[in-house]
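In what comes next, chain A is part of two complexes: it sits with chain B in the first one and with chain C in the second one.
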Partner chain A sequence: MDKLLRNKKAIIMFIAPAFILFTLVLLIPICKAVYYSFCNYKTLHPIKFTGVDNYVKLFTKDRAMRAALKNSIFFMVFSIITQFIMGLFLAALLTNIRAGRNLFKNIYYLPCVLSSAALGLLWMFIFTPKLGINQMMASFGWIADCTEGPQWLFNTEGFIILPIIVISFVALWQYVGQSMMLYMAQISGISSDIYEAAAIDGCTKSQAFFKITLPLIRPMIATAMSLNAIGSLKFFDLVYNMIPEGFLGDKAHVLATHMYTQAFKFNKLGYGCAIGVVLLVMCLVVTLLINKFVKVESYT
Partner chain B sequence: MSAKTETISVANHRTKVIHGFIYAFLILLAIIYLLPLAWVVITSLKDDAVLMISPWELPARPMFENYSFAWTMGHLGTATLNSFIVCSITLLFSMIFGAMAAFAIARMRWKLSKLVLTYFMIGMMIPVHCVLIPLFVQFSSLKLSNTLIGIIIPYITFSLPITIYIMAGFFEGIPDELFESACIDGCSVYRMFTTVGIPLAKTGFMVTGLMSFVGNWNELLLAMVFISKEAKKTLPVSLTKFVGPYHTNYCQMFAAIVIAVIPTIIVYCVFANQIVEGLTAGAVKG
Partner chain C sequence: MKMKKLLAIGLSMAMTLSMLAGCGGNTPATSAPAEPAAEDTAEAPAADTAEEPAAEDTAEAPAADGEVQEITFMVWDDLEASEDLITKGYKQSVDRFNKDFEGKYHCTPITTNLEEYYDKLNALVTAGETPDVFIASPGANLNDYATTGVAAKMDDYLNADGWKQTFTSDAVFAGGTYGDDGGDGPGIYAIPLNIAAACVFYNTEMFEDAGAEVPKTFSELLDACQKLQDKGYTPITISAGTAWCLSMVAGYLCDRNGLNLQDIKDHKTDWKDEKVIKAGKQIQELSKYFQKTAAGDDNDIATAAFYNGEAAILIQGSWAIGQINGSCAEGFADKVGVFAFPAVDGSSADPNRVIAKSDSLCMSASTQYPDAAVQLIKYFVDDTASKYTAEVGGKIPVTSVQYDEKVAPPELKYVMDVFKNASSTFGFYNESLYDTEAGSTFDNCFVDIFTGTDPEKALDPIQEYYEMNVW
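Here is the complex of A and B:
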């Protein structure tokens, strides 16, 4: 048995396909991306090594990049906070009821499996000035005429522009089910003995939540938060489909759309890679920070 | 005695009220979730002129022409077929490769297994975006852009980490005795994998298969970059054509949305529990 399982040839046979694919499609391209990000590389032009030029330009001269960074960080903070609160709240409610728990759970999770490209189109329509929400508000008499209502997706005033806020709420609608599901899985894993013992000691339900549930699901909070953070930094589909390209100029970019435009519309591949590397570094840093500060200790 | 029953009934009454509030809230939220989706279906059967006047009413006469238009003129027919081809091939290979690697990591005895697992797990943290450009350059020079195989290869790779992670968990859960008895009966390690490992990890295959299918069905960015030919586009890419505030026909756009989300809704309704299990299993890794 032991000899059989130490068969080197078999191990290599089993690992090889996945390992080779991984190295060719993930590891080598990442190294290349880092290299390209230090080069002046445009489609059909030779690659020229220029050092940190791309990064200097990215952080000092590029106004779109500033907007993209601002919007992406807003998305990240917003989704970390709101998904944590809403997800945990829903999970707490759903674990407390008996009838219909699965039904509600499945309904709230449904948008997560749907194409965000398609849902983006749907919400784009709902927030179109003359139709959708504004028409509904007009029919309730909240606003005199639909054209006078808020320009949900076209208003470019303010530090964080309205379209970005609208999109972040749509994203919350779509993805809160995922956080909820993760918290629920963890909460249902807590032994009911603990709650019973606490109840005997005179612990109220809200006390039980803050003193027992919350500390015990702390590892999952870290996991869910880092998933949210990475997911919202990568954000592309909703923004791309809800804000028509170039319609709001540079203000409505996020990192992913900025990278896409630079690399595949303006053919600045090296510059695009620099944005990609910034994105990667941000993902890693945020994950590390969350794991350091949230996941302090595990009780299990 | 009577005072005690009174407090209990008051407490009961309070819980009932609280439960009432909870259910009211949950139902309201469920409406917020389902209403837009129901509205898409209704609108997709309308005429644009009717939509502008009465956006919230049911159509007098359902317009199925919107669907046939989106299916043929909007090229959604080809796109659906492409999506199916891409997702099925990806599903098949990511499961085979993933299960093989997971078996070696979870069951075979070698020093580097932990390290190799970590190597694969790093893949979960890496966004597609940063490998997009080098991959695109590489695949263009290999003449793989604008082919389905060109997106299938990255899709397989990006499905691997989660597949390996979940499958390794399932293989670890199989009792040692089963492998031992297979060994005594003279099984080779390959037959152990095919006759003991694979049949006993069936649930794992279900879960990972669904996750990879749903994920790849919805993937937009990579497909959009790699494919520009109409005949090779996948569903999400074809949908982006309908974007724009001045797009002429909204109702056809809604028909297109319905076509794009129906397959995942069906898959979700049938396998909701497995998808949920996969999601949590994948995330609990910590």
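Here is the complex of A and C:
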């Protein structure tokens, strides 16, 4: 190993491809995006440096940005909490059963690998008044007519509007499998000796979960929470596909849809980059906070 | 050892190069393969309206012997799958072009849906891959391409061989004509293909059954809707999910109430003008007669509700004729009547103004093959295409073609009547405002009003937008 590490040329050669790729597709675009966020850059027009104008407008005058921030933060908090609870619950459940473990693992994980665009359309149909849930409610007699039921994707009243809440649950359904798999991987790595020793000492199943499992999977909790937070902050597909264009307005946007709309629909690439930079900073801050507050102890 | 080093270097280089290979390349925007170069490169027949213009002042790239000049055409519908008759006509034009110029020119269509059309077009333009020919609506969208040098000036081509004289009048070019703000100076930057007028389509059988009369005023329209509703019919089908449908009605109501968009632009009035507020309240009154699922229905579903006989009134552009006749049951077209959007009671505004819109084609200023692109555009407005536009598609042709009125859809005659009686035309509000964002904000405000928000409050976003960006 030492001999290998002394070979600087080999190290450089093996690092170079990843480094070049990272620089080309990530580092340079990020740096350019940060620069463009300080410019008035509209598609087809010359780029003009305008300092912090985009940011001032973003935080003081943009209604849609306020709604997008609110919705994205709600989405993130909801995802972190629900995916932690549900993911851990399912992982604990599946690691304790033998029959059908793989089957359920696949069932829960399947939505993760399906296209979000296709799932967005599917759920849009389910929540469209003429079809899906409202039709079912009408057939059970709970509502007089399918159009009388909740307007799942079109109700724009309230601090957090119904479409965002609905989409949060759909996202939970779609991505809980990912959290479950992460927790399962960590739980299966815990030595059975620890549980056996605890059982001999009179530890119950629930005590074992809270006193052994939970502390030992903390590193994965931090990782899963970071992934959930970043994923939910930059969430786009379901919101864009489920909410009709006219209802996105300035109430139903999340940061990613607002960025897309500004950059590609209204051709304001500089302004879109500013939203992207805000998103990037939020992702970094949230990741740092999670890593700071979810304490990871080493037992090795 | 030396061998190992060489192997390591070789593998590392292969890895790096294979990764970079994916990043480069100037591949065509579509995957359709170009037609193989034909051996016979003889002059193909020209379109039937005009000969190919002299190419002295064009910058056509010299093609190698036998090389087919491949051009792309971007349109807002799926040429292969669409049931829309106008879209089918576009496909026929492309097919005729490819057949007639086989071995010389070839056009590959780039298709997408309407909702994402401009997003994708802008992405291609930004990436330096502007389609050689692309469709655009006059207004804020076309402004972006004409004033920034993306679209080519067409005057030389139009004047080269009398092509311009085949059009009904110079007025048809109004939407695509720019002054000093044109990217290449004053001139025409878009060739119109057809004209559509926004009208009110109604089911004559349902009207007769309900005892409703064709309304001349807004209150008469509400009366007719009430009668239809009392008779158990859904009076109006409309889409609020596809925001421009609702905003088209809002545009009519604003205009009928006497709003002048230029006054707003010049800040002589603003979006809180009582005429706009009144239009908002009228939308709310009218929405009581919309189908209950108007919020969730998109434009296709809402239009289908009309031609499936589920609703009595459809407020739509005359392009709907192609959509209706492409999908409705036989005999339905005979039940359809058309009337102009009614006047607002007590308003002194001209009630005979009509919202009109034309599909227009632009040629990319950076096209390598301008002659091929111009030839393609000619195939969209030649006699064959223009006859099809009127006789099958039901849109108003822009050229002086003679078409058989007996063959044309009956609705076209009604639309022509509305159009002939119009004192003047105006554009869709969402395409006539300061820019596309202003148009979209206007759309969203009226969707908000439709959902029940007080018009005064719902108009805040467009008011603020103008305060920040226009005034």
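One rule holds for everything that comes next: the second predicted complex is superposed on the first by the 277 of 300 C-alpha atoms of A that agree within 3 Å, B and C clash if a C-alpha of one lies under 4 Å from a C-alpha of the other, contacts with A are read in each partner's own complex, and residues count from 1 in each chain.
We take it that contacts are C-beta pairs under 8 Å (C-beta built on N, C-alpha and C of every residue); 3 or more make two chains touch, one makes a residue touch a chain.
Everything quoted here is computed from the prediction, not taken from an experiment.
Of the two partner chains, chain B and chain C are each touched by A:128. Of the two partner chains, chain B is the only one that A:220 touches; chain C does not reach it. In the superposition on chain A, contact is made by A:10 with both chain B and chain C.
Residue contacts after overlaying the shared chain place A:21 against chain B and chain C alike.
By the document's definition of touching, of the two partners only chain B reaches A:259; chain C does not. Shared-chain residue A:61: touches chain C; no touch with chain B.
After overlaying the two complexes on the shared chain, residue contacts for A:273 are found with chain B alone; chain C is out of touch. Judged by the touch definition given at the top, the superposed model places A:44 against chain C, while chain B stays out of reach.
In the superposition on chain A, A:91 contacts neither chain B nor chain C.
In the superposition on chain A, the residues of chain A contacted by chain B and by chain C overlap at 10, 13-14, 17, 21, 25, 128, 153, 244-245, 247, 264, 269. Put simply, chain A touches chain C in their complex at residues 10, 13-14, 16-17, 20-21, 24-25, 43-45, 57, 61, 63, 128-130, 145, 147, 151, 153-154, 156, 244-250, 264-269.
Residue ranges on chain B touching chain A, taken from their complex, read 19, 22-23, 25-26, 29-30, 32-34, 36-37, 40, 51-52, 55-56, 96-98, 100-101, 103-105, 107-110, 116, 119-120, 123, 125-138, 153-154, 156-157, 160, 164, 179-180, 183, 188-190, 192-193, 214, 217-218, 220-221, 225, 235-236, 239-240, 242-245, 250, 253-254, 256-257, 260-261, 264-265, 267-268, 272, 275-276, 279-280, 283-286. Chain A makes touch with chain B in their complex at residues 1-2, 4-8, 10-11, 13-15, 17-19, 21-22, 25-26, 28-30, 32-33, 36, 90, 93-94, 96-97, 100, 104-111, 113-119, 121-126, 128, 131-132, 135-136, 153, 173, 178, 181-182, 185-186, 219-220, 222-224, 227, 230, 233-234, 236-237, 240-241, 244-245, 247, 255-256, 259-260, 263-264, 269, 272-273, 276-277, 279-280, 283-284, 287, 295. Put simply, chain C touches chain A in their complex at residues 8-9, 12, 15-16, 19-20, 23, 115, 118-119, 122-123, 125-126, 144-145, 148-150, 240-243, 246, 292-293, 295-298, 435-437, 440, 443-444, 447-448, 451, 460-461, 464, 468.
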